[in-house]
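Chain nomenclature is as follows: A, B, C, D, E, F, G and H, assigned in order of appearance, with residue numbering initiated at 1 for each chain independently.
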Amino acid sequence: MTSTEALVLLDRFRAGQVSRKEVLHAFQAAPVAELGFAKVDLHRSLRKGFPEVIFGEGKTPEQVVEIAARIAERDQRLLVTRITKEHARAIRKQLKQAIYHQTARCVTVQRNHLPKRAGSIVVLAAGTSDLPVAEEAAITADIMGNQVERLYDVGVAGLHRLLSRLDVIQSAHVIVAVAGMEGALPSVVAGLVNKPVIAVPTSVGYGASFGGLAALLAMLNSCGSGLTVVNINNGFGAGYAASQINALAAGELK
Amino acid sequence: MTSTEALVLLDRFRAGQVSRKEVLHAFQAAPVAELGFAKVDLHRSLRKGFPEVIFGEGKTPEQVVEIAARIAERDQRLLVTRITKEHARAIRKQLKQAIYHQTARCVTVQRNHLPKRAGSIVVLAAGTSDLPVAEEAAITADIMGNQVERLYDVGVAGLHRLLSRLDVIQSAHVIVAVAGMEGALPSVVAGLVNKPVIAVPTSVGYGASFGGLAALLAMLNSCGSGLTVVNINNGFGAGYAASQINALAAGELK
Amino acid sequence: MTSTEALVLLDRFRAGQVSRKEVLHAFQAAPVAELGFAKVDLHRSLRKGFPEVIFGEGKTPEQVVEIAARIAERDQRLLVTRITKEHARAIRKQLKQAIYHQTARCVTVQRNHLPKRAGSIVVLAAGTSDLPVAEEAAITADIMGNQVERLYDVGVAGLHRLLSRLDVIQSAHVIVAVAGMEGALPSVVAGLVNKPVIAVPTSVGYGASFGGLAALLAMLNSCGSGLTVVNINNGFGAGYAASQINALAAGELK
Amino acid sequence: MTSTEALVLLDRFRAGQVSRKEVLHAFQAAPVAELGFAKVDLHRSLRKGFPEVIFGEGKTPEQVVEIAARIAERDQRLLVTRITKEHARAIRKQLKQAIYHQTARCVTVQRNHLPKRAGSIVVLAAGTSDLPVAEEAAITADIMGNQVERLYDVGVAGLHRLLSRLDVIQSAHVIVAVAGMEGALPSVVAGLVNKPVIAVPTSVGYGASFGGLAALLAMLNSCGSGLTVVNINNGFGAGYAASQINALAAGELK
Amino acid sequence: MTSTEALVLLDRFRAGQVSRKEVLHAFQAAPVAELGFAKVDLHRSLRKGFPEVIFGEGKTPEQVVEIAARIAERDQRLLVTRITKEHARAIRKQLKQAIYHQTARCVTVQRNHLPKRAGSIVVLAAGTSDLPVAEEAAITADIMGNQVERLYDVGVAGLHRLLSRLDVIQSAHVIVAVAGMEGALPSVVAGLVNKPVIAVPTSVGYGASFGGLAALLAMLNSCGSGLTVVNINNGFGAGYAASQINALAAGELK
Amino acid sequence: MTSTEALVLLDRFRAGQVSRKEVLHAFQAAPVAELGFAKVDLHRSLRKGFPEVIFGEGKTPEQVVEIAARIAERDQRLLVTRITKEHARAIRKQLKQAIYHQTARCVTVQRNHLPKRAGSIVVLAAGTSDLPVAEEAAITADIMGNQVERLYDVGVAGLHRLLSRLDVIQSAHVIVAVAGMEGALPSVVAGLVNKPVIAVPTSVGYGASFGGLAALLAMLNSCGSGLTVVNINNGFGAGYAASQINALAAGELK
Amino acid sequence: MTSTEALVLLDRFRAGQVSRKEVLHAFQAAPVAELGFAKVDLHRSLRKGFPEVIFGEGKTPEQVVEIAARIAERDQRLLVTRITKEHARAIRKQLKQAIYHQTARCVTVQRNHLPKRAGSIVVLAAGTSDLPVAEEAAITADIMGNQVERLYDVGVAGLHRLLSRLDVIQSAHVIVAVAGMEGALPSVVAGLVNKPVIAVPTSVGYGASFGGLAALLAMLNSCGSGLTVVNINNGFGAGYAASQINALAAGELK
Amino acid sequence: MTSTEALVLLDRFRAGQVSRKEVLHAFQAAPVAELGFAKVDLHRSLRKGFPEVIFGEGKTPEQVVEIAARIAERDQRLLVTRITKEHARAIRKQLKQAIYHQTARCVTVQRNHLPKRAGSIVVLAAGTSDLPVAEEAAITADIMGNQVERLYDVGVAGLHRLLSRLDVIQSAHVIVAVAGMEGALPSVVAGLVNKPVIAVPTSVGYGASFGGLAALLAMLNSCGSGLTVVNINNGFGAGYAASQINALAAGELK
C-alpha cells in the first residue's frame, strides 16, 4: 500500500464507503506494507545512488539476462558481478550498451555518463594476481559515481613502490586495499593515512594461506586504526562501502 | 629533519657554509627523516583530531600512568582502553579530571568540552552482555568529538525492539552494530539503512561460538551491502573508524 | 521373523511339528530377530509413513534403479535424493510414474495420491542459490504426506519480504528455514513465531563462508528459542524431521 | 499502538478530532507499533506457554533478582538458567517459593502446579558428566508443563543399558539425547525410534574433543533420520524445543 | 531372561500353563534381556581380565571413594585414573592397600600379586614433560597383568638415546610411544620394529602445538606401518589397548 | 656389513691383512651398516610376513610396474594399493597372476596359496560408500595371511543388523571398523567385544563432515576401551596393523 | 630522482636557476625517490646475486614470456617457477638456452656458467612424492650459485637410509629438509647436525594431513634446535633462504 | 665408546687379551655407541658453541637447579629459558653468578666474558607486548657469543620508526623479527634487506588472533624472500638459529 493508496483509503472511510473494520484490517495487514513504505523509501534513496546489483555466480546466463533487462528498463545504470564470458555475451546481446570488464568479471551499463562526485577512492592491489578482486572494487566504485584511482602491484615486499605514491593515497577520501598472501598492505597503509581504509583479503596464495584465511586474519588483527574488513575476495562489498562513505562525505546521504 | 631545518640547511649551502655533498647526504639520509616529515604531518592532523590512544592490556598501572601523564601534558583529551579498576585508580590519582567508565573499561580525560561535530553515530548492541564492547565503541566515538546515540538490547530475536527505533538508526551518519552469538544484527541493520555499518563481533556466547568466531564469520558473510567488519571485541576500532568516517562527512579530513 | 511368523512357529511347536530346541533356537537367534521384531514394528510404522529413502550420491544409476525397483514393488511411494540427470533418466525408464525434480535433485514416485495431513510445513529460503536445498526439504515433506508452503528469497537483507508473509509463517505447524552466507534467517524467524524452526545451513557463499561453516555456526549460536539445526545442505534431513513433528502433531505417531 | 487504540484513533478521525494526515502518520509510524501488535500476540501466546527465561551467565546476582522479581509479579512460573549458588541464594531471599536445582544450575518458581500435558519427553544422558546439561533440559521441559522421563548413563559403550529401556524411549513424544565425547548416543537412538530426536552435544571430554566440537560434528553428521541438533551444552534450547514440539502435538499451538 | 528360563517358559507353554500371547510377549520383550545375556558374558570375560576402571576427572572424592569401595568388595584389583592428591587421600583412607601414583595421577589396588603374562609392553616417552601420560599408560598396563618396560626421554632430537635401547624395544610385544611437540617418536619407532605401535599424542608444547593437535596429526599421518593412535593425553586408552593385544598374544582372549 | 663379513674382517685384521685403522674405519662407518643389519633383520622378518607394499597414488603406471616386477622376482606375494584401472591393466600385462580388486583399488599377486594363520580378522563397514576403504583393509589382511570376515552395511542407524552378527564379531581376534559420517560404529563395537578394535574414519559424508574430520574426532573421543584409530581412509594401515596383531597372537612375531 | 639528478639540482640551485622552495619540494617529494635510491642499491646487490624470479602460477604463457624476455635482456641468469609444460614450451621458443626442469616445474636460463661458491647445500626429501618441491628448492639453490647435493627418499620410516648418508649431511653448510605426511624428517635431521635446517612441509598425504597442515605443525613444533620453517610446498623459498645463508657464509653479503 | 677406546680395544684384541667375539660384540652394541661417537662430536662442537639449554616450563625449581648445577660444573656458560621468578631465585641461590632477565624469563651464567664473533644480529619487536619473546631471542643470541642490536616498537603501523633505523638493520648479518597481531613486520623487513630474516610470531593480540595463529599464517605466507619462520613465541628458537647462521658466517661451523 503506497502513501497515495493509504490517503485514498482514509478518504473513502470518511466518506463511509469502507467500514472502520476494513480500514483497521488494511493497516493491520500493513506492518509489511508499511515497512514496504520504508522499503520504498530505501529503494528510492538507493535508486538515486544505484539500482539493485546482480550477483551472477550460481545463476544461468538466461536468468541474469532476464533480471538485467528488467532493471535496465527503468534505470540508467546497471552492475552485474561474478560472471563468466558466457554471461557477458548473453547480456550484451540483449543490452547493446553493456560493457564487459573481463578482469573484474563484471558487466556495466551506463546510459548517460553522470558527473562523478567530488573526492576520489583509491584502490590498491598488492600483487598482479589480486587484480580481479581489485578491479571488481574499482568498477563498482566507478559505476556508483566515484572518481577511482588505481594503484596496483604495490605490495609491502617492495615498499618503495607504495611510498612513491603516498601523495595520491593521502589525498583520497577512502582507500580500498586489496591483498592476498600475508595481507600486510592495509596495515601499512592505515599507518600512513588518516582516512577510512577498507581491507579486502584475497584467496591468492598457496599452502598455509588456506584460501585467504591468512590474509583475512592478518587484516582483522591489524594494529592500524581506522581499518575495517570485508569478506575474502569481496571486491564488490569494498567498492560499495567505499562509495557509501564517499557519498556521505559528499553530503548526499545526510 | 623538519621543514624549518631543511630550509636552514639550504640557506647555509647557498652561503657556502656546507658543501654540496653534505646537503646531498642530509637529504639522502632523509628518506626516513622526510617520511618523518610526513609522519609529523600525520601527527599534527591526528593531534587536531585526537592524540595517541593507550591500549592498557598487558601494561602495568605504572606504565599506563606514565604514558597518560606525558600525553596529558600537551593534549586536551585522552583515551585509555582495556584497563582494570586498578589502572583507573592509578590514573585518577595522577589526573584529577580523569573519568573511569567501568562497563567500557576505559578512562577518558577531556579538559575543555569541545563542540561535537554534526551528524550522529549510532551504537547498537544485540544483548546486555555485549555492553562492554558497545560502550568502548561509544566512549571512543564520544571523546573523538561525535554525537553518540546508544540503542542497546535490540538483537534480532526481538525484531520489534529494533524496528521501533528505525528512525533513529536511519538518521545517523554511521552505525556501529555490536553482537555476539549468531551475529545477525549488523546484517539485518544493513538491509534497513543506507549508511555505512561497522560490524563488531563479540566473544559473547558459548559452545560453538568459539570465542566469537561464529559471529565474526556471520558478519563477514553478510549479504547486506555497505557492511564492514572489525576484530572480535574491537569496540575501540569500530568507534575510531566510525569517527573517521563522520569527520570525513563533516568535511574535516578533506 | 515377523509377529505372524512367530505365532505360526509357536502353533507348529504346540502341534509337535517343530522341537523345543528349534523354537528356542529361532528365538535365540532372535536378539536381532527380536530386535528385528521391534525393527519390523518400526518398519511397519515407517512404511505407513514412508519406505526407505535412497541416497543417490556415490551410487551408480544401475544401483539406484535396482534398489528403487525393489522398493517400488511393494510401496506406493518412493523418494530418491542427491541424484544427477543421468540417474533420473535411468529411473524413469524403469518406473514410468517417476517424476524428476531437477532443482531438488530428487525423483519421486507416488502411485495413489494420498490425502495430506492437517497442518502445513513452511519452507523458507533466504536466497535463490539456496533453492536446491530448500526444494529437497519441500519435496521430502510433500512426498511424506504434508502440505508444503514455499516462501523463497526472503533473506534478512530485505526484511520486508519476510515480514509481509508473516501470517503464512505463523500459521504453519513447522518451519524449515534454509540459508547460506551469514545464516541469519532462522534466528530472525524463531523470534517471530512460536513453532518449531528447523534451520538448514547451506554451502552458498564464498571466502570466509568455508563451505557453509559460517551459516552453520550462526544457526547453532542463535539466540532464538525453539530452533534446532541439521547438517549443511541437508534439506532431506530437515524435511524428514519436519514431517515427523507434523505427524506427531497430527496424532499419528502417538 | 494496540488494536483498541487504533479503533479509538479511527473513531476520532471520523469525528473530525484528528486530521487525515495525523491518522496516516500514526499508521506510518506503525510498522513497528504494528509489528509490536504481532509481538504482543506472540507475547500472549508465549505467556500462555511460558514467560521470558532469564539467562544468568554474565549477569550479577542483583540484576538477576531484579528481572526475576519483575517477571514473578505477573507470572505463575519462572525459569532462571546458568547461575551459581550465589545467584540462587539471592533469588531465594527475594522469592520464597524459588527452588534451586544445583546440578542443572537453574532456579524455578512455580506457584500453582499446573497439570502436565499428555505425552512425555525423555531426556537421555550418555554419561554422568553430562548430567548438568541433561538436567537443564529436563528442568526446562518440566517447568514448561511436560512430563519428563530421565534415563541417565546410557552411553553406547554399554549398549544394553540403553536397549533395556527401549520401551520407555519409544513411547515418548520427543527424545532429548545428551552426549559428550564421541557423541554417538543420538545417532543410535534415532535408529531405534520414530520420534523427533533433539541431540545436545556437551563439552565433556578431553584432548581432541576440542570443547565439544567432536560430539557436535558427530551429531550433525548422523545418518539417523529425524535428528536435529542444538549448540554445545545448550540443554535449555533442547528442552525448550522439545516442549514446543510436545505442545504442538498436544494441539496447543495450532 | 536366561537360556534356562527360556526353556522353562516353553515347557510351561506346551503344558498350557501360559498362553501363546504370553510367550510371544516374553520373547518380544527379550531383545534387551538377551542382549543382557551377551552383556553378562562380556562382563564375565572382562572380570577375568580387569574390573571397571574409574575415570576420576569431574567426580568428587566422595563419589570416587563410593564407586571404588563397591568394586573393591568383589575384585582383587582396582584402577582409578585422572585424580588429584585429594582424591588419592580419600581413597587411601577407605582402602588401606591403595597406592597413589602421583606422576600418573592414578590409584591402584592389588590384593594378591598375580603372575604377569609373558611378553612385555614397552612404554616410550619423548620428553620428561610427557611422563604423566606415559606413566598412566604404564600403570594401566602393569595393573592389568603385563610386564612393563619404561624408556623415557628418548625423543627424536637425540636419536642415539633411542637407538641405544633398540634391543629392548624390538623384543617387546607391544610398544606404546608417547610424545608431544612434533610427535615424531612413534613414526621413527614404527620404522624400526615389527610389532604393534600405539601412538599417544600429548598436549606438551606451546604456540602452534594447539593443545596436542600438532602431535596428533603427525601420528595419524605417519608413514610407519602398524601404527595406530589414541586421543591426546589418553595414556589409559593406550595402556588398555596394549594390554588387550598382549593378552590376545598370550592366548587369553581366544 | 653382515655379521659374517664382520667376523671375516676381524680374522683378516688378526692375520695382518688389514690395518687397525681400516678396521676402525669399517666399524665407524658402521652405525648405519649395523643399523642396516637391524634393517636387514627387519626386512627378513618382514619378508617372512610380507614384502614391501607399493602405494600407487602419485606414481605413473610405468613406475608402479617397474617396482612391482622387481619385488615379484623374489617374492611370492605382492600388494599394490591406491591405483586406478589404468595402473591395474599395466601391472596385469606384466604379471599374469595379478588380480585387480576394483572396489579396493588394489592389485594382488599370490603365487602359492599359503595356509592362513588361525584366528580371523573381521572387517566391518557402516555403509556401502565405505566399501572402498573396508575392502582395502580386507584385501591387505587377506594377502598378509589372515582369514578375513566381511560384515558390511552394519551402521548404527540400523543397530539390529550389527547385533545379529555379534557372534561372528566376538569370535574374531581383531576387528577393523570402518565408518564415515558420524563415525559411531567403532564405539558401539568396542562396547560389545573384548578384542582390539581398529577404527578407520572415512571421508564419506557431506557438509560438516569436513572430509572425514567428524568421523575421525568421534573415533578418537570414543568412550569404548581398546579402540585405536588410523588416518582417514587408511584401510591399508588398519589391515596391516590388524594382521600384525593377529600374527603376534599366532606366536609368529615373538 | 637518482644521485646524479640530485647533484644537478643542487648545482642549479646554487646557480640561482631554481628557488629554495623548489629544491625543498623536490627533496620532500623524494622520500620515495630516495628510498628508490636504496632500492636501486638493493637491486644492484640482488643483481649481483640473482635477478627477479618469475612466479608462473596464475600468469599466462604470454605474460611469463614477456617478463622473462625483458629480464634475459640484461641478466645472465633467469629462474621461472610454478609453470606448466605449456609455459616451458613458450619460453623455450623465445629463449633458446632455457632449460625446462619438469619435476621441479621450473625453467632456468644460464648464459655463462659461473663458478659455484664454496660450501654445499643438501636437499633432503622424505619420499618420492615430495620430489617436485625438493627439486624446486634444489634448482633454485643451484641457479643462485650453490653446490647442491640431493638425498631423496630418506624418510624416517627407514631411518638407516638417512643415517648412512650422515657424513654428506653433516658436511653441508645448510640443509633443506622436505617432507609431507607426518613431517618428522627435519626434526630428526636437526638433532643430528649443527647447521641451519630449513624445513619445507609438503601437501603430500591424505586424510588428516589437511593439505600439508599436519607436516607444517610438526615442523613448527620441532624440538630440534636451529630449525626454521617455510610455507607448505614452498621449495623456492627454502632454496632462496638457503642460498642467502650460504652466501653470507661465503662472505658475500657482509 | 670413544675413538680412543676403540683403538685400545683393537690393540688388546691383536694382543690376544680379548676374544674375536668380544670385539664383535662391542662393535655390534655400537650402532648407538658409534652414533654416540658422532653425537659426542656434535656435543663437542656444541660445547665449543654452547652447552645444553634448559627449558624451564613444566619443571620444578628443584629440577631446574639440579640440571643447571651439573652443567655449570663443566661449562663456562649456561642458559635457562621459560622460568618464573621462583625458579630464578632458586638458581641464583646455587649459582652466584647467575643473572635473571625478568622480561625474557631467562637466567644466564657466564663465567668468563668471551669475545663476541664479528657480525651482529638485530632483534626487532613490533610492539612493547612482544618484548618477552624478543628479549628471549636477544638473550639467547647474546649468551651464544653474538653482538646483538635491539630495535623495539618498530611495528608497521608507524613505518617511519622502522625506516629511520634501516642502516642498522641492513648492516646486520641476521635479522630476528618478532611480531604479534597481524604479523606484518617480517614481511616488510624482508623486502628491505638482503639478509636472512627469522620471523617469530607472538601470541600478542585478541579476538581473531587465535593465540598467534594470525601472525603465524601471515609470516608463513610472506611474499618477502629469504624469510623463515619459527613457532609462536619461540624466541629461543629464533635466537639459536640466528646464532647458528652467524657462526656459519664467521667460519666457525665449516
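We take it that a residue touches a chain if its C-beta (ideal position, glycine included) is under 8 Å from a C-beta of that chain, and two chains touch if they have at least 3 such contacts.
Remember, predicted model here, so these are calculated numbers, not experimental data.
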Where subunit B and subunit F overlap in contact partners, by chain label: C, D, G, H
Given subunit G and subunit H, the chains that contact each of them: A, B, E, F
Over-half contact-pair match to C-E, picked out of the listed pairs G-H, A-D or E-G: A-D
Cα-centroid distance, subunit D relative to subunit G, in whole angstrom: 60
Cα-centroid distance, subunit A relative to subunit F, in whole angstrom: 56
Approximate Å spacing (C-alpha centroids) for the pair subunit E, subunit F: 24
Centre-of-Cα separation between subunit E and subunit D, whole angstrom: 39
Junction residues of subunit B - those touching two or more other chains: 31-32, 35, 38, 158-159, 163, 166, 192, 207-209, 213, 216, 220-221, 225, 231-232
Chain-to-chain touches, reported pairwise for every pair that qualifies: A-B, A-C, A-D, A-G, A-H, B-C, B-D, B-G, B-H, C-D, C-E, C-F, D-E, D-F, E-F, E-G, E-H, F-G, F-H, G-H
Subunit H - residues contacting subunit B, complex: 128-129, 158-160, 163-166, 204, 206-209
For the subunit D and subunit F complex, residues of the former touching the latter: 126-127, 155-159, 181-184, 187-188, 190-192, 205, 207-210, 213-215, 217-225
Residues of subunit F touching subunit E in the complex: 35, 38, 42, 45-46, 49, 53, 119, 163, 166, 170, 173-174, 192-196, 198, 216, 220-221, 225-232, 237-238, 240-241, 244-245, 248-249, 251, 253-254
Contact footprint of subunit H on subunit B as seen in their complex: 31-33, 35-36, 38-39, 57-59, 201, 203, 211-213, 216, 231-234
Partner subunit C, residues of subunit E touching it in the complex: 3, 6-7, 10-11, 13-14, 20, 23-24, 27-28, 30-31, 34-35, 37-38
